[in-house]
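Below are two complexes that have subunit A in common, paired first with subunit B and then with subunit C.
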Partner chain A sequence: MTSQRADCGNLELRSQSCEQNLLSRPDGSATYCQGDTSVIVAVYGPAEVKQSKEFLDKATLEVIFKPKVGIPGCSEKFQERLIRNTCETIVLTALHPRSSINIIIQVMHNAGSLLSCCVNSTCMALLDAGLPMSCLVAAVTCSLSCDGDIILDPTSQQEKEAKAILTFVFESRDNEIITSNTHGIYSIKQYYSCVEACRKYGFVSCQSPLGTTNTVEQ
Partner chain B sequence: MAADFKTAQPVEYYRQFLKKDVRPDGRELGEIRSTIVNIGSISTAEGSALVKLGNTTVICGIKAELCTPTNDEPKKGFVVPNVDLPPLCSPRFRPGPPSEQAQVVSQFIADVLKDSKMVNHEDLCIAEGKIVWVLYCDMMCLDYDGNVIDACIISLLAALRNVALPSIEVDEETAKPKLTSSTSSTMTVQSLPVSTSFAIFDNSILIADPTNEEENLATGVVTVVTNECGELCALHKPGGSSLSESQIQECVKRSFSRGDEIRKLLDETFNSLDR
Partner chain C sequence: MAAHVNEVVLPGDILQELSDSEQYPKLRLGPGLRIDVDNVVVCKCGILRFREPSVFWVDTHQKRYVPVKGENILGIVISKAGDVFKVDIGSSEMATLSYLAFEGATKRNRPNVQIGDLIYGKLLVANKDMEPEIVCIDSTGRSSGLGVISGGFMFKCSLGLVRKIVSPDCQLMKLLGKHMPYETAVGLNGRIWIKAKTLSHTIAISNAVCCAEYMSKKQTEVMVKQIVSSQWT
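For the complex of A and B:
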């Protein structure tokens, strides 16, 4: 490993921190930091739903993704859909039929691995809102350098130099992949080694999400 | 009777079929609907293709225009993909601004285009820092019967290979672009990505090339994009039920064979055009 980061090794995550319940108006809120990447999430719900969006058998989940600057475009819609589908898998929406759950994600600073930070933050906010969930999720991003080295939780500089960037979301029950999003070209073997490298950390985060919070609050 | 059962309990209806390893439309679980490609369907466009995947129909037209490059990358032209899902193709789309689905598919295709390096952007340069080509790739869905991503990517690939650009030079005195000859040259497409989508039914059964009905009942979808070198360009799974490693392996294997089939189909179609 030649291109070691100053803060930690390639196969380790940057320092993470999380704070819950920091906003007074939403039903649940959380901020999550991975290195310098920071995201704040607010959750409202279950609340009243617009009739046109109402489902008789489940709650309507809506995700709003706000970039740090500029107006949201196609790529933000893509992220919204990805996070919404991930949340729909874990939140037991069937317990709150004909109501809405709104998730608002505000990017504070993007220093790489933004998608995984958003998912982790959303999970913590949902937990804070006390919504019924079937399991927890943990997201890990990794990048593949041109000579095939895996860098976990890359910074934006490392993302720029990378051949491929892969993000996985693992659930806490069986530690299986529920979301996979990739950029760049890679072989199937590299895909599996990335999954394995990320899974190890996904498992740790899933098992002790509150552990991270407590250490920060102390 | 069967129709009533299907309306009342669509999931149970599907289960009865899947138990016997067959789908209601007669396909096997891993079978993909018949694919039809027509190249050069729009004569006024620089490149075009019509693709049918069962009932799903997508037409792609590519228009080339001239523009000035950015200061950062004075040698690079632009490729702008856009997917349109008009109310014509399905009752789930309303007139007005692009639906969320259309934006998500557009973004996915833009990502695939960029990640797989299909077009060398420097090929689109006419005069460095002054004039470059911009290719507007518009994909319009005419019939939405599921798996629109696969159909869009095949149509984009076929249309890009069909693009013929007129030769243009910058006049040194007037600094205006002018046509140098009436012949046009075809563009080289560097990489040939093909996508294959699967739906996950009942959290466990994988079915290839889902129809609209199957997509609505599915508990998750996976899209795998592969190129001709045996590499992956995207493995996109937006939530839904979890997949084990062997299931992912199965999807990837099927996508490689599907990719070869499509690339062969396109080669054959282009060869028949030349004759």
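For the complex of A and C:
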């Protein structure tokens, strides 16, 4: 099979690494690598907010997504929105009313599964900034090949050949889905089998030291 | 003492022992912990700390300051607006400082404060829904070291570092003071002001403080020795 990865099997994630607090100016920063995909995230906040964007009862959360080359277009705006909605569910914005939290995501290299890498990196940067959060998140991308095989954490080549690409974000408390983003054609049965395949890894990567396993957080 | 004390905790962790009200009838929760329904839940990543009889909090790495009532802070005067000064203390909002909140100040006798001055003050009002307010006097009307600071050098560092420096266990400032006399004001908003006799002393002290963030006691002693020996040669 041509799409088989050299480094690991189809139902395994590529090797991951993370570094926090690598930028000196932002309040929190992190870089996250999944295989060759890598992004760097900076978090500013709680900072001053423009009057037009001010909320009296919660902080304003803004996400800026910067592609590797060129100017951000429609799909980047969509990703921004997706990540912002994910962050709004986990950050306790009510504790910092009338302030702003800015998240800037810079893509360093896209070798597939970019969205899940962005979400994971954002979570680590929020952790570094010390913003109050209700729980952590972990994102996993999977793709469905034409013959219906599930490939976890696909490379860009595998994404191109895929029939559908599905990304799920799980929270650490009850391991429930908080974001689901899909492209392509799939049956309901395939959707659920993808969720279960991803959940297995979303769960492991989100376990805290108080639990049993701890892979990403260290 | 509950389990997990002095261990790393992450947002979303539920501290079961603390949620049990019989064990800690007068439970006090500090930063990083909150009550969600009936459980004590962690909301910041860091190390869980405990102090007798039943005070718990999470020590976190943070750079952005969030005002807390009663803390001493260093701020820069940004503007004068009528009878208050606006002071930048590094938080999401400017703090206000009344011109009457100085030692000996009256409506006739205004304090001499200019835009750009460095202020060492105490937070009187720190509330998430209100503008922070600072004062440069204590409840008896004395300045007790607070007020406008002139000369010297101010630099910024992380909040964890200033908390480490003001803690009684930290010997760094005392060790440095044995070898070179200096004045200092530590603001818990991540700002440190230093005034030494010479420029090279100021630079040496500020470098020593910046380097000390992740050092153990032994390491700081060695570092101070190295700095002192390099000063005299």
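Rule of thumb we're sticking to: the second predicted complex is superposed on the first by the 204 of 218 C-alpha atoms of A that agree within 3 Å, B and C clash if a C-alpha of one lies under 4 Å from a C-alpha of the other, contacts with A are read in each partner's own complex, and residues count from 1 in each chain.
Heads up, the rule we're going with is that contacts are C-beta pairs under 8 Å (C-beta built on N, C-alpha and C of every residue); 3 or more make two chains touch, one makes a residue touch a chain.
All of these numbers come straight from a predicted model, not from anything done at the bench.
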Item to check | subunit C versus subunit B on the shared subunit A, clash or fit after superposition | outcome: fit
Checklist entry - So, A:S134: does it touch subunit B (first), subunit C (second), both, or neither? => result second
Item to check | subunit B versus subunit C as contact partner of A:I103, first or second or both or neither | outcome: neither
Checklist entry - For A:S187, is the partner it touches subunit B (first), subunit C (second), both, or none of the two (neither)? => result first
Checklist entry - Does the superposition put A:A47 against subunit B (first), subunit C (second), both, or neither? => result second
Checklist entry - Regarding the shared-chain residue A:T86, is it in contact with subunit B (first), subunit C (second), both, or neither? => result first
Checklist entry - For A:L144, is the partner it touches subunit B (first), subunit C (second), both, or none of the two (neither)? => result neither
Checklist entry - Is A:S75 contacted by the first partner subunit B, the second partner subunit C, both or neither? => result first
Checklist entry - Now for A:I178: first (subunit B), second (subunit C), both, or neither, which partner does it touch? => result first
Checklist entry - Taking the superposition as given, does A:G28 touch the first partner, subunit B, the second, subunit C, both, or neither? => result second
Checklist entry - Just how close are subunit B and subunit C at their nearest CA atoms in the overlay, in Å? => result 15
Checklist entry - Where on subunit A do the contacts from subunit B and from subunit C line up? => result 171
Next on the checklist: Going by the contact rule set out above, which residues of subunit C touch subunit A in the complex?
Outcome noted: 4, 7-13, 32, 34, 36, 41, 43-46, 60-64, 66, 91-93, 128-129
Next on the checklist: Going by the contact rule set out above, which residues of subunit A touch subunit B in the complex?
Outcome noted: 74-75, 77-78, 80-82, 84-89, 169, 171, 174, 176-188, 191-192, 195
Checklist entry - In their shared complex, at which residues does subunit A touch subunit C? => result 21, 26-28, 44-49, 90, 92, 95-100, 127-136, 171-173, 208-210, 217
Item to check | Contacting residues of subunit B [partner subunit A, same complex] | outcome: 100, 103-104, 106-108, 110-111, 115-117, 220, 222, 227, 230-245, 248-249, 252
